[in-house]
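Next up, some structures in C-alpha cells.
Both complexes below contain subunit A, partnered by subunit B and then by subunit C.
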Partner chain A sequence: MNRRIVLALALATTALSSLPAMAQKSGGTLVQITQPEPPNLAPYISTSAPIGQVTAKVFDGLLEYGFDLKPKPSLAESFEVAPDGKAITFKLRKDVKFHDGKPFTSADVQFTIMEVLKKNHPRGIATFRDVTAVETPDAHTAILRLAIPAPYILKALSSYESPMLPKHVYGQGDIKTHANANTPIGSGPFKFGEWRRGEFVRLDKNPSYWRAGLPYLDRIVVRFIADASTRTAVLEKGEAHVAGLGAVPYNDAKKLALRPNIEVSTKGTEMISPIVELLFNTKQAPFDNPKVRQAISYAVDRKFVIENVWFGFGKPAMGIISSNFQPSGLFAPGIDFTVADRIERANKLLDEAGFPRKADGTRFEFTHDITPYGEEWQRFGETVQQNLAQIGVKATLRYEDLPKWLKRTYTDYDFAITSNFLFNLADPVLGVHRGVHSDRIRPGTVFVNGSRWSSPETDALMDKAAVETNDATRGKLYAEFVQRVSEASPVAYILEVQFPTVINKQFKNVIDTPLGIYGNFATVHRQ
Partner chain B sequence: MKSGSLGSYIVRRLLQTIPVILGVVVVNFLLLQLAPGDLATVLAGEAGGAPKEYIDQLRARFGHDQPVYVQLFNYIKNLLVLDLGYSFRQSAPVLELLLMRLGPTLLLMGSTLVVSLGLGVLMGLLAALWVRTWKDHVISVAAVIVYATPLFWVGLMLVLVFSIWLDWFPTSGMENVVAFHEGWNRVVDIAHHLVLPTITLSLFYLALYARLMRASMLEQRGLDYVTTARAKGQTDRKITTRHVFRNALLPVVTMAGVQTGGLLGGSVVVEAIFAWPGLGQLAYQSLFARDYNLLLGIFFMSAVLVVIVNLIVDVIYVFLDPRIRIG
Partner chain C sequence: MKKFWSRFLGNPRVYLGLIWLGLLLLVAISANVLAPTDPFAIVGKPMAPPGGEFWLGTDSLGRNVLAGLIHGSRATILIAVLATLFAVAFGTLIGAIAGYYGGLIDNVLMRFTEFFQTIPSFLFAIVLIAILSPSALNLVVAIATVSWPPIARVVRGEVLTVKSREFVQAAVVAGQGDAAILLKQVLPNTLSPLIVTGSLLIATAILVESALSFLGLGAPNLMSWGFMIGAGRSFMREAWWLVTVPGIAILLTVLAINLVGEGLNDALNPRLADL
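The block that comes next holds the complex of A and B.
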C-alpha cells in the first residue's frame, strides 16, 4: 500500500516539474536483481559480470550498438576511420557533463584509454594493445593512433566494455585502489546514490543527462539476494522487476514466464555470445588425437542438453564463432556434429583412432571436470557422462570450487576434458581468438587457450582477420578458420546460451541493446 | 561480591583472550594457505579472462609474491594496531566492510537469542511442570521435529506461506528499497523485515533450549535440596521459582554461550535465504573468492564476538548462582 502512494507521489511531482512533450511516463523505481553482489563498482579494472550490470548505467561509452552490432553515436557524435585503418577520429558531444558538474572533453578520452583501460582493464590490455596514442587536437576531438589496423576496437566502446571516466576524478591517486572505486562518477543517465553492502546499490536519476528528457526512471535499485529460490519469489511477488544473466535459474525462468505480470526475453546477449563447450587437453592421450576429439563432439546430444539442462534457453553451437555474428557477416558453420548418425560416426572414429571396445564394452576412461558455475553444469556433466557411455567411453565427474578449477584448467593443465564457458564478446578478435591462438597459450592466464592446440594456418587466418577492415573479406577468412578449427576440434562447441531476462511487464523497453541488462536503461519506462 | 573484584576479573579475562585470539588468527592464516587457487586467478576468472601481465600485476599488489612467513608477520603486525588490511576484491578497507555488516548481524543474533532463549526456557519450564501429560508430549515432539528440520527448508516455507500466499511479510531484505522510509517508519520497516529470519533461525535453538531446560528442571527437582525445602514447608510454587528454576537455567545459559559460534554459522543459511546483509554472507562470498584479508578479518571478529559472549555468560552465572565465585 505504502509503496503505491509513494510511487504515485513521485509520479505526480515529476509530472509537475518537467513537462517535455513525450509519450512515455516519467518516474518510478525499477528494482533489478544482480547475482552475485559485485565486488566493487570499478568497471575499468574489473570485468566481473555483476559490476557492469550496475556501472553501465552510471558511465557512458563513446558508442552504443544496435542489435546488428553496428555502432551508434553516444559520447562520440561521429567517428571516421583513416583509409589505412591506422587512425580513428572521434567527434565528441559538446554538451556532456559528468555527475559532479564538470564537462566531458577529449582529455577524458585520452586518460581513460591510455592511462586506465590499456594498462589495467582485463580485456582492455588486449583490445587497446595497438593504440599508440590518443591525440586531442581540441577539446571535442580525439584521435586514436594505431600501430596496425584494429577494426575490432569500434565494437569495444560501449559503456559496459570501455566506460569513459572523468580524468579530474580518477586521475588523482592510484587507479587500482581508487577512492571512487565503490562510488563511481560518470556521465550516464543514473548517478550513484548509495551502496549498502549485502543489500543494494541505489542509483538516482541524473537530471542533467545530455539526452534531453531522459532517463524516464527516477531511480534504479539493484538488489543482491544470495538464494535462488528467494530471487524467484521476489520476482514473482513483484518486489523486484528485472533479473538476467543467470540470476534466475533456467527452470524458474520458464515457470515465471507463465505468470501474467512477467515476460521472459532471450534478447540481449548478442554482444556477449556465451558458448558452452568441452575443452580437451590436446597434449595428453587419448585427446591428443583429433579423431577422438571429433568422436566426443559427435557423441554429445546437443538437443537433449538444450531442452533438459538449459530448459530450452539455447541453440546448438555450429562452431567456434557464434551465430550472433550472422548479421555482421562473420559467422560460418563448421562440421555439423548434430547429424542423425552421429553415434555411428563417433564409434567409427574411435575404432579408427585405435580405441576398440574391450570385453566389457568400454574403450577408455577419463575424469571429466565440471565448470563450477552452478547446478546446470553438474547436470550437463551427467548428460555428457551418459552420452559417452553410449560410445564406450567412461567418464568420472569431478566438481571443485572456482579457484581450484581455474588453477587446474589454466595453470596446471591437469585435466583431460573439462566443461567451459567462453564468451565470443562483441567481436571474434576479442572473444574467439583467445581460445585457439598460439600466442594465448599462457599458463596462469584464465579463459585463454586451455586446450593448448594451435596451428600455423589458423594463427595466420586470425592475424589477417584481426587487421582486415572489410567485413566481407573478414567473413571469408573466418569461414576457412571455423572449418579448420572444427576439423581439429580442440574444443567441442556444444551450445550458444540465450540467457533469459525476467522482466515485470509494468516496465517497457528494458532490453533495447545487444548488451541486454548491461544496457544503460535510459529509455526504460513504466507502462 | 564486590564490584571491584568483578571489574578486575573482566579485565583479567580480556587479557587472557588476547593469546587465544592471536592463536585463532595464526591457525586460520595457515589453514587458508592450504586452499588451492588465489585471489588473482579468481579476479581474472570473474573478468572472463585476462592477460598474464594483469594477473602478475595483481599478485604483486596483493603481496602474494612474498614468502608465507613474511605475509603472516605483516598481517599480525598490522592486526596489533587494528589494521585489518584492504580487501582488493571489494576495493575497500576490511574494517569498514566488517563494521557495515556487524550491525545487521548483531540485530539478527540478538533477536534470535532473545526469542529462542525466552521461548525455549518457557517451553522447557512448562513441559517440566506438565511432565508426562499430553501437553508435555506435544511440546517435546514439536521440539524434536523442529530440531530435525533443516533451516533452509523452514526459511523457504515461511517465505512461501507468509510472504507469497498471505502477503504478511516481505520476502527478503532488511528494508523496503523502493520506499526508503526514515525515522520511526524505518524502525518499523526493519522490524517487519526481521520477523521471518528471526523465526527461522530461532526455531532450531528454541527446540534445543526447550529440551535442555526440561531435562535440567526434572533433574534439579529430584535433588536433595528440594526435599529439604519441602521439609521446611516451602510451597511448590516457591520451590520452583526460587530454587529449581534458577539452578536449571545454568546449563541453558552455558549452552547459549557455546552456541553463539554456531549462531554465526547458522546465520549464513538464513542470511542467504532472506538476503540479510550480515557477516555470514560476507564470509561465504569471500571464501569462494579467496579474499583472505577479508576472511581473516571475519574470523577475527567472530572470535572476538564468541569470547565476549562467553565472558558475559560467565558473569551471568554469578548472578544466577551466588555460590559460583569469580576468579
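The block that comes next holds the complex of A and C.
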C-alpha cells in the first residue's frame, strides 16, 4: 500500500509540475527598468544591449537553454544533428501562432535565418556563416544545411540571439527600415502594446501563447529612467521590480541587496560571460615579450579590483575561457596569476626579461588606455596604475571617447596596454576565438584580435574545436588551448563580471535562464 | 594709488578672501612637503570615514582624501590661473585691435567674438575636451577658448572710450605709432575693469574645470577637486566626505576670489562703490 501511495504521489507531482498554471498565481504587472532606452525594437538587425531586454519577451527562438547551456525545446520540439555534422533537422511545434493570428511554419525559419540573421544580424553573420541553405520539406520541418560542421549554432538559437520572425510581416519591404521595427510582432509570451518614447514600453499578455497557461503576468512595463540614483530609489521603494545589465550601479546593487524586499542575483550571465581584460600590443616593445606580459598579469590585484571597483560582482578570471563553461565541460584554467607570491614572481620575470630597476626604482613607462565605458573603468585603470608601480612599472592613463579608442585599439594598433571588455557569449567559437585567432587580426573590425598575437598551434586547436561535435573532445582541445594562451599571455584576463540583477522578492522565477534579463519571463509570477 | 590700497584693504571682506587665497597658495606650493606620497596611491582601507588614521578619510579605492585635497589645490589653481591668463591675453588682443581700429576690422573681430559667445560655454568646453582628449594642457586650452569673449568685449568698450580722449589725440599728433599708442596710452587706462573681470574669471575657470572633471573629462593623471567629486559622487549616501570635502574647498575658493574681485572693483571704481 505504501508503495502505491508513493507511486500515486509521484504521479500527482508529475501532473502538477506539468500543469504549472494551476500551482501559480496569474496576473500582475511587472515593472522592469532598462537603461538606456533602446534605439528601436529590431533585435534582428541590432545587438544594442537594451533592445533584447524588451524583444526577447515578444519573440521566440527555436530553442531555450538551461544554466548548463544545454538546449531545451521551444519553437523546435526536437532537433537532430546529422552524423557528419553538416545538417541539423528541427521538428517544429504545430500549434504556434504569431501575435497577428497567422501560424508559425518552417518558411518563417528559412526566411529568418537565410534572409535576415545571416545577412543583417551583427553576430548572426558569423554564427550562420556556414549555413548554405534552410530546407523546408514540410511546414513543420526545417533542415539547416552546413558547409562544415558548426555545432555552436545550437547555442545561438534563443529568442534573444536569433528571434524567429513572421515572414508574412518582415518579408514585406526593406528589413533594415521595416515598418515594424518599433512595433514588433512575434510569437512570444508577450505582445507589443505601446511605446511612449522617453517613458516606457508596455507589453501585454499573449492569451493564445502556445505554452498553455503561460505567461502568468498580465503585463510587463519596461520603464526608462535616465538618472541612476532615481532608478535605485524606484527599485528600493518597490515601484519597479527588475533591473539589470548596467541599469543599477554596482555599489547601489550591493546596497539594495541588504533590503528585505529585494534580492540581487548574479545568475543569468552564463551565456554572456563578460571578461575584463588588459590587452597588450604584442608587436611592440616591451610587451612583445611574454615574460613582461605575464609579469603585468601577476601584478594586477584581482581581488582588490573585484571588491572595490566591481563591488564584489565578479570573480578572478582563470584564463581565456570563462568558468561559466564548466558545466558544459569546455572550461579549463590557465596559469594562476592570483598566487600569494605574485609580486615576487612579477619582479623576477621583469628582471629576467631584461628590465632591471633603474636608480629611481622604475623599470619602464608606458601609456595605459582606459576603456571609455564609465567610471568603474577609470577606477580600474587607477588601480592597475598603482599595482604596476609596485613592480617598478610606471603607467600614464589616457581616456578618450569610444570612436577614438576603438580606432586606436582595432585599426591603428597605436597602444601599449588598453583595458578591454570582451564577452565569451554562448560558445567559445562565438566569443573566444575572435580574441586570439590569426584570421581575426583584421584592422578596422572591432572586438577581434587586437593584441595581434597568434600561433599556428592555437589556431589549429581552435579550428579543430570549432567543428568538433563531441563536448568531451572539445573540452580536451580547449584545455590545451587555454594553457598555451596563458603561457603567451597576449591578454591579461582579470575578472569575470557577474552582472547583478536587482529583483523585487514579490516576483519569482525572474532569472530562470542563462540569459537572465534577456529571458522571455513566461514563467515569472507573483508570490 | 594710495587711495586704492586704503580702499581695497579697508574692506573686511577682502581680508577674508585674501587670507583663504594666501593659505591655499601656501598649501599648493608646499604640497609635496605636506603630502609627500602620490595622491593616487592606495594607502588604506577603502571608504574609511574621517577622523581615523586619515583625517579626512579615504575614497572608494583607499586613497587619502587629505592628500587629494592638498595636491588637488595645486592642479585646480594652476589650471584656472593659466587658462585665465591665456583668455585675458587673447581677449585683450582681440578687444584692443577691434576697439582701436574700428570699422571693418572691428566688425569682423566682433562677429568672430559673437560666434564664440553664442555657443553655450560649458557645452563648448565639453565638445573641445571630447575632440582634444582629456589632459591638463587641453583643459587649459578648452577653458581659455570658452572664457575670452567677455574679456574682448570689456577691453573693446574701454578702448573705444579711451581712444577719443585728448591725451590719445595728443599722442597721435606727437607722431607715435599705433602699437605705441595702444600699449602705452590706451591699454594702461583699461586696466581696472580688466583686472576685475580677470579675477572673477579665475573663479569661473575653477568651476568649469571642476565640472569637466566631475563629468569624467578631467585630466586622468591629475588629482583635482573636481576629479575627487566626480569619483565620489556615486557614493554620496554611504561616504558623504568624498564630495563634501572637495566641494567645500571649491565653494570657499570661488567665494574668496569673488570677494577679492568685488573688493578690487570697489577700490578701482570708487564712483560705482558709492552708488
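Here is the rule we go by: the second predicted complex is superposed on the first by the 506 of 527 C-alpha atoms of A that agree within 3 Å, B and C clash if a C-alpha of one lies under 4 Å from a C-alpha of the other, contacts with A are read in each partner's own complex, and residues count from 1 in each chain.
Everything below uses one rule, namely that contacts are C-beta pairs under 8 Å (C-beta built on N, C-alpha and C of every residue); 3 or more make two chains touch, one makes a residue touch a chain.
On a predicted model such as this, the values are computed, not experimentally measured, just so you know.
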Three-chain arrangement built on subunit A, subunit B and subunit C clash or fit: fit
Contacts of A:308 with subunit B and subunit C, given as first, second, both or neither: second
First (subunit B), second (subunit C), both or neither touched by A:163: neither
Which superposed partner A:27 touches (first subunit B, second subunit C, both, neither): neither
First (subunit B), second (subunit C), both or neither touched by A:370: second
Per-residue contact with subunit A, leading partner among subunit C and subunit B: B
First (subunit B), second (subunit C), both or neither touched by A:379: second
Which of subunit B and subunit C A:404 touches, first, second, both or neither: both
Contacts of A:181 with subunit B and subunit C, given as first, second, both or neither: first
Partner chain in contact with A:230 - subunit B first, subunit C second, else both or neither: first
Lowest C-alpha to C-alpha distance for subunit C against subunit B (Å): 6
Touching both subunit B and subunit C, residues of subunit A: 401, 404
Residues of subunit A touching subunit B in the complex: 2-3, 6-7, 29, 31, 36-37, 39-42, 46-49, 120, 122-123, 125-126, 176-178, 181-182, 196-200, 202, 221, 223-227, 229-230, 233-234, 236-237, 239, 401-407, 410-411, 422-423, 434, 442, 444-448
Sites on subunit A touched by subunit C in the complex: 228, 249, 251-252, 255, 304, 308-309, 370, 374-375, 378-379, 381-383, 385-386, 389, 396-401, 404
List of subunit B residues in touch with subunit A within their complex: 35-38, 41-55, 61, 86, 88-92, 97, 100-101, 104, 152, 156, 159-160, 163-164, 167, 170-180, 271-278, 281-282, 284-285, 288-290
Contact footprint of subunit A on subunit C as seen in their complex: 38, 40-42, 46, 60-62, 130, 133-134, 216, 220-221, 230-231, 234-235, 237-238
